[in-house]
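The structure follows.
As written, the chains take the letters A, B, C, D and E, and residue 1 is the first residue of each chain.
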Amino acid sequence: MSLESMLIVASVIFCVGLYGALAQRNFIAVLMSIELMFNGVNLTLVAMGRWLAPYAVQEQLSAVLTGQVFAVFVITVAAAEIALGLGIVFAIFRSNESVDLTDAASLRH
Amino acid sequence: MATGFTGLLTVTVFLPAVAALLLGVGAVRGDRNIRWFAAVVAAADLVLSVIVFVSFRPGGDQFQLVDRFDWISVETMHASYLLGVDGISAPLVMLTGLLGLCAVFVSFHISHRVREYFIWLFVLQTAVLGVFTALDFLLFFLFWEIELVPMYLLISTWGAGRREYSAMKFLIFTILGSAFMLVAILAVFVSSGVDSFNMTSLLEPGGALDATRAALPMGLLFWLFFIAFAVKLPTWPVHTWLPDAHTDAPTAGSVMLAGVMLKMGGYGLLRVNASMFPEQLQTYALPVVALGVISVLYGAVVTLRQTDLKRLIAYSSVSHMGLVLLGLGSVAAVGGALSDAGLTGAAMQLFTHGTITGLLFVAVGILYEKTHTRHIPDLGGLANRMPVVATAFLVAGAASLGLPALSGFVSELLVFFGGFRAFPALTILAVLGIILAAGYILWMLQRTLFGPRPSRWDDLSDASPVELVPVVLLVVSIVAVGVYPAWLTDVFRDGLEPIVNGYNAGIAGVGR
Amino acid sequence: MIAEPLVWAIFLLPVASFLLIGLVIRPMGASFAKVAGYLTIAALGVGFILSLWLLRSSAYHHTVYEFAPHLWLDLGGASIEMGLLLDPLTNVMLVVVTGVSLMVQIYSLGYMDGDEGFARYYAYMSLFSASMIGLVLAVNIVQMYVFWELVGLSSYLLIGFWHNRPSAAAAAKKAFIITRIGDVGFLLAIIYLFFHAEEFASHGLNALHIPHIWEAAAPIAAGGAGIVAGGALLWLCLGLFAGAAGKSGQFPLHTWLPDAMEGPTPVSALIHAATMVAAGVFLVGRFFPVFAESQAAMMVVALIGAFTAVFAATMGLAANDIKRVMAYSTVSQLGYMMAALGVGAYNAALFHLFTHAFFKALLFLGAGSVNHAAGTFNMMYMGGLRKAMPWTYWLTVIGSLSLVGIFPLAGFWSKDEILLESWLAGGPVPASISLLVFVLLLVGVLLTAFYTYRMVHLTFHGEFRGGGERELHAATAAGVPAPTGATHHVHLGESPAVMVAPMGILGFCAIVAGWIANPIGVTSVFGLIPSHWLTEYFASGLHDGHHAPPFSIGIAVISNVIAFAGIGLAALVYAWPRPFVSRDPLSGGGPLHTLLAQRYFMDHFYEDVVVGRLFYRSVVGITDWVDRNIIDGLVGLTGWISRNVGSLIALAQNGQVQTYPLVAAVGGLVIIILYLALG
Amino acid sequence: MTAYDLFLISPLLALAALAMLVIVVDLLTRRTGLLVGVSFVGLAAPAALSVWQLVSLSGSGQSELMAEGSVVLYTLSIDRFALFFNFLILAAVGLVVLVSNDYVRRIERLQGEYFGLMLLSATGMMLMVAADELITMYIALELTTLPLAALAAFLPNGRSSEAGMKFLIIGAISSALMLYGMALIYGLTGSTRLEEIAVALAAGSSSGLIPFGSMAALLAVVLLLAGFGFKMSAAPFQMWVPDVYQGAPTPMVAFLSVASKAAAFALVLRVFYIGFDALGGDWWVLLAGLAALSMTIGNLVAISQRNINRLFGYSTIAHAGYLLVGVAAIATAGGEEAGFGPSSVLFYLTAYTAANLTAFFAITCIETRINSSEIADYAGMLRRAPFPAIALALALIALIGLPPTGVFIAKIHIFAAAINTGESLMTWLVIIGVVNSVISAYYYLRVIRVMFLQPAIHTERLRASWPVNVALGVAALCMLWLGVAPGAVLDAAERAVVVLVAGG
Amino acid sequence: MWFESLVFWILSVAAIAGALGVVLVRDLFRSALLLSMVFVAVGGLFVLMNAEFLAVVQILIYVGAIAVLFIFAVMLTRNVQQGNMPNRLQIPAALVATLLLAAMIATAVTTDWTTLAGAGLESKGQIAQTQAVGIPDAAELAGAGLTAAEVENVRSGGLADLLIGDFVLPFEAVSLLLLAAAIGGLALARGRGR
């Protein structure tokens, strides 16, 4: 369970999320994929923080947890984005009776 | 370095702009009043510009009537509002005033959006005057750019034919040229010892800009500037905007375009390329002159084919402006007291061509007002229907083909004098151009003024008194220069003296 | 003695009258037109008196007036000055110009009477006289060039005076452009001189000051500066000669002169016979010291001159337009003068220029008077005018005989001296060349005599053949445009006194100008005038002006015999045994006649082949095509490309939201890859 | 949390409070005029507080406000740089509020939310320009983006919703990428504070094998750029711009195009000039490349546009390119010239803000009346709405970079900075830049031509309420003033960027 | 140690598998369920890295979020079974994702992460410097010469202190953010202008 392995796991989740965000039709599915990306980031952050613990301990204590703090904020912001996202989902749904992103392409060229 | 604040130039330059502002806010109402208001303002500006010319003292400081204050003065950038005239610019200022008045008078017949028309005309005049008087690169470039928009609108609004295409073409060409100039100006700016846009300090001998600290190779700078000015001049092969712009512009537009705006190119060549890059100019004299001679012959040859009066004059301008390059290149043969013949010729050519082509366009404008055609085959035999216009055509044509006692001859002769010292063979080629000039001018006169007159021109009226004003003004100026040119050449030579001395000393301006 | 202002007055008076007429009288309208005439005549009259005074005071006190020139244009190194060069050549030319001009102006009062452009005519005439006087007075080569071009302009204006005639407008243009071609040579010569300005200055000379140019050309041995010599000198001379040839209609630049007859006849008399065309000769004479230093140049001048003398005369044989005949004879006579200069007969050449001015002007005025009566210039429709207009007839005969060079008329003396000097071959050119010239000139005499008789006969003898009336009918019948000068009003009768009187005066000169001005052996006019006065006077203008050779009976007899032979020949063809009726016997001459009538097809060659096909259609056409399609085409192409590249990129903007981050991600990856690849 | 901390963040608090106040006011009374009035006048508070901060800053000789035991300074730095942008943002939001006066009337309800969200977004921007710590930056970025996303979708039509959706999704994805980059930076340097990052990188970036010293740094920089590029609307992260500009409410677009762009550039300047100072040699090339790409794509595509908002979308991309030229012009020499590049960016942003606001305000005036943003419908505008038409024309001339407008000076200054670096690559970049401005002239002038030359389809005059006209006039005057007398702002810009280049 | 590794492997496999499921499964229900599984697994990994508090936050917030997502998925998707269809960008998207993954893995592997962490060792060499990311127990930390308070702080994570301490500003800002999101979301959901 080395740092690298943790980072790799994180990046896999992140990239899977990216793929989903790019390749899904359903707005909600895209939102879910974006959540995956955020989880990947969080994993990285926490891993980094943990890995830096000894150094941080020496330097100043707070930094040990900087990674976790960051993760907390990411989670919160993600929640906020979901909230707004759902609002827009409604808007989209109201205007063209579907949450399929491929239908919402009136603005182009 | 020039300092002080006389105010005369500032007034001269900005009087038209102020007038434009007054028109803009509607201080003057009614087309007729606007016309006469414009006439009065233009006349006042002519008087001012003449005062500028007269109060310039050859032999005094290099730059006189200086107006200066710091404009931008921050760590990274120093630019000043710096106006001043030297022997090169003083006559051109007067020329601008003169043609400005003519432009107004030939525009009296304009009845479509009169107010806007004169606003743009005045903005244009201020811009051109600014270019000739600005001694700070930033200011120079500012005026240089300002002039684009009014000209664009003049052509595209009050023009004829494919006016929008021509206007856009004119604009794109010029902006492209000035884009190159901008790069060069910036390079000069960042490499100038004084770290400023001040031309006068750049012009000081042993000057501010030295090749070692130049952001770009001096040669490249030279060519960047050259392209910008060559487009304006215009030089083959970047001339194609001129015929279109001329053909479709309103008369006043053509007058200003050919009369003063082409001169901005020549002025720039003298002020920048010849003054600040003497060694480069000498190094590249051959290509420069070659371009000039090509323009002379090519322009003349193509002119022979034109059937539209304005197009014809436009191409003849290409041909005549080529002589400016020839005169410029004459510095390749430096040394001796005669080095300034070519440069003086080039400078003179700017002035004389301004008046001559101005007169030609005025005449064409009047003609077009009466006949509503510029297609030469449709015309003919107009001489005894409209003797005044015919006389104008004759004088301008004769001057344009370099007939002595008219202004064109002097400048051409000087250019040839200078050019022959440097490039005999090319100069001889250029001299052959005057035969072609005789060819197309006489052909034009023959087809428009002489020969049998189509019956539909039987009841043409001659120029009205209002139209007479510009004709008289320009004819007088053409003859005055032709009969006794010294009053003009002495001023020009005074302005060119530093350059020439520099060449004679083997070092000049900033091109160390 | 004479003061400088007075000399300038000779030049400035016509200028003044030009300005007055142009700016004041013309705008006032036709009612005041007559004033223009009187004004011009007054100006020239005063000028004439002044120039006589100048000549007299210069000749009798044997003084050469030298007034310091005035600075016109300062070029730092060399300066262009305007001044007076009052050497014998100038002084005599002044008298000729003002004198002939005066006569012509008076004559024009009658001839141009009632023409709508009366004032304009006199304005142009004043302009011309002024320019011509200025040309003669010039001390600076640039100054000379200035007026050189101005006479060209006034010639242009006057040839195209009746500018509603396409032929007139075309002729004017042709005249200007062809002379311009020659002028380029002149201009290049000037530029070349300026090229040496510093060298001149080092000798304390001004490269553009004519006397200095003489000095510079003279070899050091001869006390000159020897700045220009050898090949350079030759080119200089050729440049100058090109200018001269253009103006004086020397081969191959002669084609404009016959067409120039489109102008009013007095114009032809003054400009295209007496004065302007002689300017070429004047130019070469002016720079004779320079030419004299280059044998090659002299040979060119001599041969071209002699050839032109014959060549033009042959074309004179086949011309039917009386003015064209005279035009060819003018070209031919100018050829005599050039040839004379070529063989070094400076005095003789100028002497001939002097006499020729009178009798040729007279002849043209005669033609004008004839046209006034017959309403045409075409000799085929004249004939029998002798009875109708005796004065004109006799004066024309005098002029003709003088032209042919019959003893003792003016033409004889000058032509005789030319022949004599070329025979003696004392000039700089090799004797062989000189003799060749002599032979050619004799041939010229024969031809001159022939066509002159033909002209007189067809015009005045025989029966009247209907004049302009008939001609116009014929033209309409043949469906060709009305020929120039042909009018319907034909009133056979003598012209008014105002026209005849000047002719009379000129006629008198044509008789006496020879032996009074330049008597041989004995002094004339009760010993007032020494022998060879005029030529000696001319010679005094040169440093090494050589004296005129003694009169040679032999040459005189030969030339007269040949002249009479020519007349006799012509009489055999036209008068006796079969008098001329309507068809020119020579036109049976087949191709030869066609060749002559078509002026050796040179106009055709110049205008259709060289200008039309080669230049206009090929060079101009191709260049124009390039300009429109290639150079301007590139501009269009650039715009097209930038526009379409834009819309191409816009295609990626397909509205699918996820495309956008995809592109962004790809961009990011590309950046990374580039970094890793390029380091 | 000391009182001084409150003083430090007082402008932010004031602005946030104002946002909530507006919403409350909207709940109490539905009067647009009142809302506009409250929001506009209320802006005086944050402005005044910023002035106070500026005064006390210049009072203390330091480069930024300091205090013992202050906690917010861990994540914040109140310096001239931040304050410069504070004023810029406040001015922009103020004018946009004014100009919304007519526009918001098409949203009968929720006008309070409209203004509230705008003010909240402005709060985020002000936080963003002051933040010197990654977490705070991230939060600020989101606080800027989310309200704008909401506003983009605010109009009751499909296009608006679509614009909002695109803005949200793309924003989310790019911020996720950026987050990963931040995580890497944190892992590599052990801190999220720029100063410490700089120190660590300076110590760490030894191996010259990989650019930026290590793969992590490289990836981090690229991913960060993905996030910032989205906000800067720089290629290749620009593709959302035209669509959002076309679909979203025009005043919001005006705000988006200037304020959020400015904030983003502030962010970039801070992060790269302070955080990645040690890596300067590596990243300026990257930025130069993006600059060239943005300019070219923006201008070329703009040529073929027929909708004016879309046109401005592309034009803003192009201008992001010009701005990046300034960012990339990192002074190799240091010393007096060091601040040349960044200061030129600041001035350009100011000038661009004035010009672009003028343009969008004019567009708003016209669009509010004719309900169309197709260029074709602008025919004869000079007759129908002289004031907006002339203002728009001036703005277009400015955006070409012609005098007498601020952008003219700004362009010269920014290009001068580029050439001043002495790098031949930068000189070429400048040449690309000037050629691009030539291309831009083509499509900008097309609009002027339509307005001035083509005959109007309808002839009735278009009138706007006085607040709109005032906003338009002020913006236009600023635009011209910056062209005639740029000295003051240039000076301010130079002093603002000292904190970036103090290191040298 | 082997136990930690085992747990780590199980959790990571679960997380990755779940993530793949989320994006590949056609049925929106299932993908949502899988997403929650990913969250739980990630939470487990947090615990494994002694971020218990964070793990709790993760579970709590995301469970709520997922619940909401469920509702919307049901409400707004016509055919939930086929609700999770891919668009035409699969291949490029996959390509990009793979390349980026490669870059990230390369980063993780090639970068010398010890530059800083290692820097700490000289002074506090007592900490067993392993390549492991595991729970440092009390003894380990005490051995590092930390005071009891510090040890406590490190172990039980004084997140709260930080959130109202150094990071108070983002903390306040994030509250604004939530407010903005709420306002925006409500405004949009409530239907504008009608």
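Remarks
Definition applied: contacts are C-beta pairs under 8 Å (C-beta built on N, C-alpha and C of every residue); 3 or more make two chains touch, one makes a residue touch a chain.
Please read all numbers here as calculations on a predicted model, not as lab measurements.
Minimum number of contact steps separating chain A from chain E: 1. Considering every other chain in turn, the ones in contact with both chain D and chain E prove to be A, C. When each chain is reduced to the mean of its CA atoms, the one lying nearest the mean of all protein CA atoms is B.
C-beta contact counts were set side by side for C-E and A-C; A-C has more. With centres set at the average Cα position, the gap from chain A to chain D is 26 Å.
Centres computed as Cα averages put chain B at a distance of 38 Å from chain C.
Centre-to-centre spacing of chain C and chain D amounts to 79 Å, using the average Cα coordinate of each chain.
With centres set at the average Cα position, the gap from chain B to chain E is 71 Å. Shared contact sites, meaning residues of chain D that touch two or more other chains, fall at 135, 138-139, 142, 146, 149-150, 153, 161, 164-166, 169, 173, 180, 184, 187, 190, 210, 219, 242-243.
Residue positions 172 of chain B each touch two or more of the other chains.
Under the contact definition stated at the top, the residues of chain A that touch 2 or more other chains are 11, 14, 17-18, 21-23, 30, 47, 49, 51-52, 55-56, 59, 66, 69, 73, 77, 80-81, 84, 87-88, 91, 94, 101-102, 104-108.
Across the whole structure, chains are in contact as follows: A-C, A-D, A-E, B-C, B-D, C-D, C-E, D-E.
Across the complex, chain D meets chain A through its residues 134-135, 138-139, 142, 146, 149-150, 153, 157-166, 168-169, 172-173, 176, 179-180, 182-184, 186-187, 190-192, 242-244, 246-247.
Of all residues in chain A, only 11, 14, 17-18, 21-22, 27, 30, 34, 37-38, 40-41, 44-45, 47-49, 51-52, 55-56, 59, 63, 66-67, 69-70, 73-74, 77, 80-81, 84-85, 87-88, 91-92, 94-96, 101, 104-108 touch chain D in the complex they form.
By the touch criterion given at the top, residues 71-78, 116-117, 142, 145-147, 149-150, 153, 156, 160, 163-166, 168-170, 172-173, 176-177, 180-181, 184, 187-188, 190-192, 194-195, 197-198, 201, 616, 619-621, 623-624, 627, 631-632, 635, 639 of chain C touch chain B in their complex.
Taken together, the chain C residues at the contact with chain A in this complex read 650-651, 653-658, 661-662, 665. Within the complex, the chain C residues that touch chain E are 656, 658-659, 662, 665-666, 668-669, 672.
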